[in-house]
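Just so it is clear, A, B, C, D, E and F label the chains in written order, and each chain counts residues from 1 on its own.
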Amino acid sequence: MELLLNFISENLTMLYILVFIIFLGTEVISNVPTVLHTPLMSGANAISGVVIIGAIILIRQASADDYPILILGFFGILLAMINVAGGFAVTNRMLEMFKKKKK
Amino acid sequence: MEGTTTNLIYLICISLFIIGLKKLSHPDSARTGNLLAAAGMIGAIIVTLLTPLESGANNYGWIAGGMVVGTAIGLTVARKIKMTAMPEMVSLFNGLGGACAMLISIVEFYNHPAGEPLLSGQMITTFFALFVGSISFTGSLVAYGKLDGFLRDSLVLPAPKLINMVLLLVIIALSAYTLMQPQLNFTYVIVILGLSLIYGITFVTPIGGGDMPVVISLLNSFTGIGAALAGLIYGNQVMLVGGILVGASGTILTILMCQAMNRSLINVIIGGFSASGGGTAQSGDEVVKEATYADTAIMLKYAQKVIVVPGYGMAVAQAQHTVHDLEKTLEEEGVGFKYAIHPVAGRMPGHMNVLLAEADVPYPKLLDLDDANKEFASTDVVLVIGANDVVNPAAKTDTASPIYGMPILDVEQAKNVIVLKRSMNPGYAGIQNQLFFGERTRMLFGDAKSSLSKLVEEVNNA
Amino acid sequence: MQIGILKEPSDRRVALVPDIVKQLQDWNVKVMVEHDAGAASAISDSDFKDSGAEIAERSVVLQNADMLITITPPSQEVYDLLKPQAVVISSFEPFNRPEVVQELAQRQVTALSLDMIPRITLAQSMDVLSSMASIAGYKAVLLAADYLPRYFPMLTTAAGTIPPAKVLVLGAGVAGLQAIATAKRIGGVVEAFDTRLAAKEEVESLGAKFVMVEGAQDDKEAGGYAVEQTEEYKQKQQQLIREKAEKADVIVTTAQLRGKPAPILVTAETVQKMKPGAVIVDLASSTGGNCELSEDQQVVEAHGVTIIGNSNLAQGVPMHASQLFAKNIMNYLKVFVSEEGELNLDLENEILKSSCIAHDGHAQYAQ
Amino acid sequence: MQIGILKEPSDRRVALVPDIVKQLQDWNVKVMVEHDAGAASAISDSDFKDSGAEIAERSVVLQNADMLITITPPSQEVYDLLKPQAVVISSFEPFNRPEVVQELAQRQVTALSLDMIPRITLAQSMDVLSSMASIAGYKAVLLAADYLPRYFPMLTTAAGTIPPAKVLVLGAGVAGLQAIATAKRIGGVVEAFDTRLAAKEEVESLGAKFVMVEGAQDDKEAGGYAVEQTEEYKQKQQQLIREKAEKADVIVTTAQLRGKPAPILVTAETVQKMKPGAVIVDLASSTGGNCELSEDQQVVEAHGVTIIGNSNLAQGVPMHASQLFAKNIMNYLKVFVSEEGELNLDLENEILKSSCIAHDGHAQYAQ
Amino acid sequence: MEGTTTNLIYLICISLFIIGLKKLSHPDSARTGNLLAAAGMIGAIIVTLLTPLESGANNYGWIAGGMVVGTAIGLTVARKIKMTAMPEMVSLFNGLGGACAMLISIVEFYNHPAGEPLLSGQMITTFFALFVGSISFTGSLVAYGKLDGFLRDSLVLPAPKLINMVLLLVIIALSAYTLMQPQLNFTYVIVILGLSLIYGITFVTPIGGGDMPVVISLLNSFTGIGAALAGLIYGNQVMLVGGILVGASGTILTILMCQAMNRSLINVIIGGFSASGGGTAQSGDEVVKEATYADTAIMLKYAQKVIVVPGYGMAVAQAQHTVHDLEKTLEEEGVGFKYAIHPVAGRMPGHMNVLLAEADVPYPKLLDLDDANKEFASTDVVLVIGANDVVNPAAKTDTASPIYGMPILDVEQAKNVIVLKRSMNPGYAGIQNQLFFGERTRMLFGDAKSSLSKLVEEVNNA
Amino acid sequence: MELLLNFISENLTMLYILVFIIFLGTEVISNVPTVLHTPLMSGANAISGVVIIGAIILIRQASADDYPILILGFFGILLAMINVAGGFAVTNRMLEMFKKKKK
């Protein structure tokens, strides 16, 4: 309990942010029409590729000869980058059908 | 100071994510939304690359390598795949993101300084990240396989609920045990990793192919949580907030998707019984494709030309006024809207005329058989509303059919055909209709009037 | 007071209906009805009796009546049998037949002419012209549909598609508007024309198309009646109507000018150009007709076109026409019959002033 | 090949119209039309001539015709003038008049009976019964509205409110359904009744109310025709119809049983209880009528109710009836006339097998 | 530790505010939303009272006194006022909140330790709070006065834009100057306070009475910002976040309100020219009240019984189908819906019959004059659609009127009358209609068809 | 500039919270139907009475004889409390018309 309270008091503003972002995440998409479920999922998926930042930090912090980390980190970046680049590109393609026709 | 600048830019990137997601949930702004989110991501990556580090060799070569190769693969795949294969592609991508979170946490374990205490928020977080990332990884792969078709729904586990429960408990117990140790035992980590990967598989396998979109959305929110946990590990705001954002909105999206299917999330996950509930209705050997209201609405709204083929079912449903509503709604969107009246549609000569006149459809919108048949080839969407025999190609092809020789409306020439009827029951002539199994045909089952009202609603929303 | 009702010699309607007879009794007004008066309107003698009326022979009715109500003006011999100074209510049309006023005055009767009731709001519920015109407009279209060798609505069948009938309505007064509404109902494509400016909006308010001729004369002061038009206007109008008529399957004409012969809108030449089988119903035939070739109370065929001249179509729906007529009469009587059933002719009253055309030997109608 | 078309002695329709004549010519089929044959359908001789037909006297037509097409079966003297072995197309109604088949066989003509074309989908475009019934149903309501002393739609006026007419349609086949649609259009409140189970949905598909009698016999195999019902059912039905009839202003009856007299649905007693002024249109009168009191081809009045017995109302819309009829014929001819205009009677063909009732001296019709 | 607990509870309270606001924006949940927000507020107050202080005398007596008296006054006023007076009450309340922010900042100035540097974030914030609170205070009072009617719109300032601009510059300059001084000069503070209070007055005075709701909403968001600034001063999360929340949502609400009035916010504030644009249309001396689509929709949706009186205007607008749509929409909501047909409505006998039959309105829904007149007294809302003469009470009362003696539909007996027409133009008889000025009558100007479509839309949204 | 950056860096998480709350405040009410404008405004107004917390803290921190502060604070509490209590109560009354009717 002590541990928990301590942890919370350390990360109190983090907690505030967490709560607000959860509200926000919920709020922001709560009115999505059914047709956009898949594109939205795809877009959100691309955003979840933000984990690439972690892989970048990890490699940058590694020393230049720490090959296990470098290799793991390389794959991390590779995979996450596929997620990011592919994700946004696929979403964009899906959304092409929503292009306004010229009236 | 640089930290502040970085964090300020991160805040902008996060704001772009939020605005992007927001815009992604409206058809008109969705493309912009996607681009904004992508801009946010690029910004975050660049800032992360440029922020000075306290220690570390930067290793920009490795980073550049991973990024260039990853971007190349991602873009190529995204450009090449067929429209129909997109959902499985999303699943695959998502799995890769999960894998990255998994790799990061492995490295974290690997990096853990020997002397430091194990039982810290940091380590707990890392275990969580490992677990969530792994599930997301293998789970997404299974979902991909199911959608792509090389994994069969028939692949059934015995007592899946039990297996999952046991696996989960073992993973938690083992993690706790590992943390209790004075020294990190990397073997345990590997075992937990392995179990988590297996859990991802056993978690998704029992769920039916038709529910895969829901599962993908769920796994997507897992990846988001994984990213957030990684953010916590590095004390990195953009990962933390971006991850939570995806986690929260992904969860809501999952729930919304379940609602759209009239199911509960629990039902989808725990249930796992819906192996056959997937968007298809059998009839003999052949399978018809079902349309959703939403897809049909978007198809209609963004069409140039729509032709309605009314039949006896429209009369039975007394849907003429609702059709007229749809007509007005779509015309406001600039869609060309006509009616193709087959000479014997309905049950009396002029049946359709009477009803459409009642609904105040102007006469010039009515095409007769010959005119209509000329127009179908250039039509984006044909809505067949409770008509059956009059659009049955058997009349042209099947000499044994009782309707052979009757002129029909050649709706198969159109780019898309949506058939509104209640079931696969035949019409007046009592014969099956091959049109319903056609390449470009989708069925929208239900009473024509209520289906049409829902379509009108969706068109207004879309 | 005793009201007398006759069997109309040349009309299927009857001037009062049992419902109204019943209401009149609460007012101490008795009604005597000629034997079989309601027969053509599906009202039997016993229906009348049940409502409290007395059934009698024609002569008895006339001898006893303090007030005689008829739909068409009574013939001369009726006056011979009437009580002196009796009140006679009918549509005398003094503006068409000015001589009738003098005759009535000579007879010493008090003559109230229903068609002279002013078209003010207060008198709407007594406006026989409106209620009868409204039925006539409906009936005109039914009649046309009946004579038309064509199907009216659009019809798509295995044996081909039949296009909807094109209907042209000339004169969008009460009758014309009802004709428009009815033709649209049955499934026709309707266009209409009138000289009054307000008619455009009125026609469109029924969902029909208005045929616009520029430069019409309008007179708000004419009490709702149309005024005559300039020569130039008439030419343009002629021209446009000819074009429209050539495409029409049915023409219903209702254009009237009060106290003047009806304007000729469909010339013989136009008829010649019309489709074979087309039908013209001319509701203005009694004042000369809007179609050059129409003859009152007759169906003629010319150049393959059937021309029905009939200004009295309301009697084609005798039961409801009688009902509306009787209700109009009832509302009219309230103006000058007291609650005790006494006659109370206040000639200063706006409605009576206009509609009483002979009283105490004086002719009241000034053109 | 030469087709002969006569002026129908007792019908306003004509068997072919200029449009179809033109199409037949592309097929090398020539048409000779009796003088004035289309007059009643608003089709002049010159219209026919313009389309390529030859106009001739009756006897000339008959002497030259390889094929004679009439709407009503030709009279005996026609056969005398015809070429031997000529083809005669008409509605012979062999199930009602079985003797006709033998006569035709004796005459050595090939007789094709339009009413015997099977009611299969392929033959829908030749189905004269349907196209004529559809017009008849429409016309029946117009006729009823015309005879009705009442106004059809609801009407709220300064002189009171008129309720909408109540319409009861008995027999919801092709004619019945069209009657329902038309009556609803004009503004009536419509109820309908039929013994076929499918009829309920069909009636409701037009927005009208179905009168349900429990326990109907139905036969899917009867090719769309109704079958006879049990006694008990008939009683219940009688009872219900009486109740509905008493409230109705208009009844349209269309119930037929193929080869049997039409069922009596409206008894004399029921008529007596109906509202005065009500109208019954009996489209089944030619086979005895659905109303006990109806007489074929006559308008009778009984107990204040007008009863119109007429199974041939389609001729009341002669022009379009002719047009649909001709189109039906055209589609029928395609079955056995080659593109070069040669006769090609394949009696194995399902349609011909049923509709050819006499050929080469043999009677083909078996009941 | 207590700080942490306090802040955790604050977080819950803030969440309640957020959820409350969210629920407040849906009709079905609005009441719950209000209660949740209130619960959040009570929680925040209690926690604040209980959190131990480092220094200070607590002075619970003073606090209790203020709270008890405040609560008593607040509740009494809220209970007593008329429904129609609520907007001005909101304005008054809002002003009091602003006044509180103002008082707090005065005290902060007063408390400012003599030695401390003046140019700090803290002091800047305090100046802001003083300014914003003061504007909110006097601005709200002016708005209150305008709505209540004791301040006239006619009270016009010369060159208001100029005055405001000058005032604002002076306040900023003086504040900056004060901060530059080595020592706080309390006189300056008082002068700035005075100027700010005046600015509040001059800011609101030029704005027209009809725009007051927008202004109140804007001032409300000012109060929110004031609260947030106070929160910044005390480092108090709940004030800060709660205040920002109100500030943000208040601003959006203000914009939405402007949009609903088809105006821009700038237009409302800067313009100030709309003194006459306020919900009223003159005709001679009398004034009619205009209804809004939204209010009418809510009135209709929550009514038990609605009667439509169609007239010639419905025919001209060809609005019969739209009326029928409204009928169907409201019937789904359980509202009783009838039509009262006057014998001479329209321009021909049976004009309304024809049109309503075309729109498929069932006959039994049509009431004739006598039946309708019996029903009006028990009717919640009468919608007069393009009718005029047939509902003109002059026919009963004014012997000089050309329609005197005509029986009319006595719609004034109903609880609410909404008249849909395009202008104040008279009908066929060419005479003015006293009904339009009636106590219970509201006008909805515009083409009947488009007005009705908007109503249908609003009913669906409400 | 220095001052500003310093200020920001001190209050960085505050800034995050601020931005998110602004998003959230915007988001949460962006779909309000016109009919609820007034009640929503009234409810938001009641919430803005949260400034009372400031007045409470202020009095509590004051010494028991610092009358100027006590009196000002007392009025602060009084006014804000009217705002809070009256605000929620008025909102509640406004919303009474939205009570579901029994169908």
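The rule is simple: contacts are C-beta pairs under 8 Å (C-beta built on N, C-alpha and C of every residue); 3 or more make two chains touch, one makes a residue touch a chain.
Being a predicted model, the structure only gives us computed values, none of them experimental.
The set of chains in contact with subunit B as well as subunit D comprises C, E. Contact with both subunit B and subunit C is made by D, E.
Using CA-based centroids throughout, the chain positioned farthest away from subunit B is C. Of all residue numbers used where subunit A meets subunit F, over half belong to both copies. The two sides are thus made of the same residues. Farthest chain from subunit F, judged by C-alpha centroids: D. If each chain is reduced to the centroid of its CA atoms, subunit A and subunit D end up 74 Å from each other. Taking each chain's centre as the mean of its C-alpha atoms, subunit A lies 33 Å from subunit F.
Averaged Cα coordinates give subunit C a centre that lies 74 Å from the centre of subunit F. Distance between subunit A and subunit C, defined via averaged C-alpha coordinates, is recorded as 81 Å. Under the contact definition stated at the top, the residues of subunit F that touch 2 or more other chains are 14, 16-17, 21, 23-24, 27-28, 31. Counting partner chains per residue, subunit B has residues 18, 22, 241, 343-344, 349-350, 354, 357-358 touching two or more of them. Across the assembly, subunit D contributes 124-125, 130-131, 134, 153, 155, 157-160, 185, 187 as residues in contact with two or more other chains. Checking each pair of chains for touch leaves A-B, A-E, A-F, B-C, B-D, B-E, B-F, C-D, C-E, D-E, E-F. Considering their complex, residues 1, 3-4, 7-8, 11, 15, 18, 22, 237, 241 of subunit B touch subunit F.
Across the complex, subunit D is touched by residues 312, 315-316, 318, 343-344, 346-351, 354-355, 357-358, 389, 395, 402-407, 429 of subunit B. For subunit A in complex with subunit E, the touching residues are 5, 8-9, 12, 15-16, 19, 23, 27. Partner subunit B is touched in their complex by these residues of subunit E: 321, 358, 360.
Residue ranges on subunit F touching subunit A, taken from their complex, read 13-14, 16-17, 20-21, 23-24, 27-28, 31.
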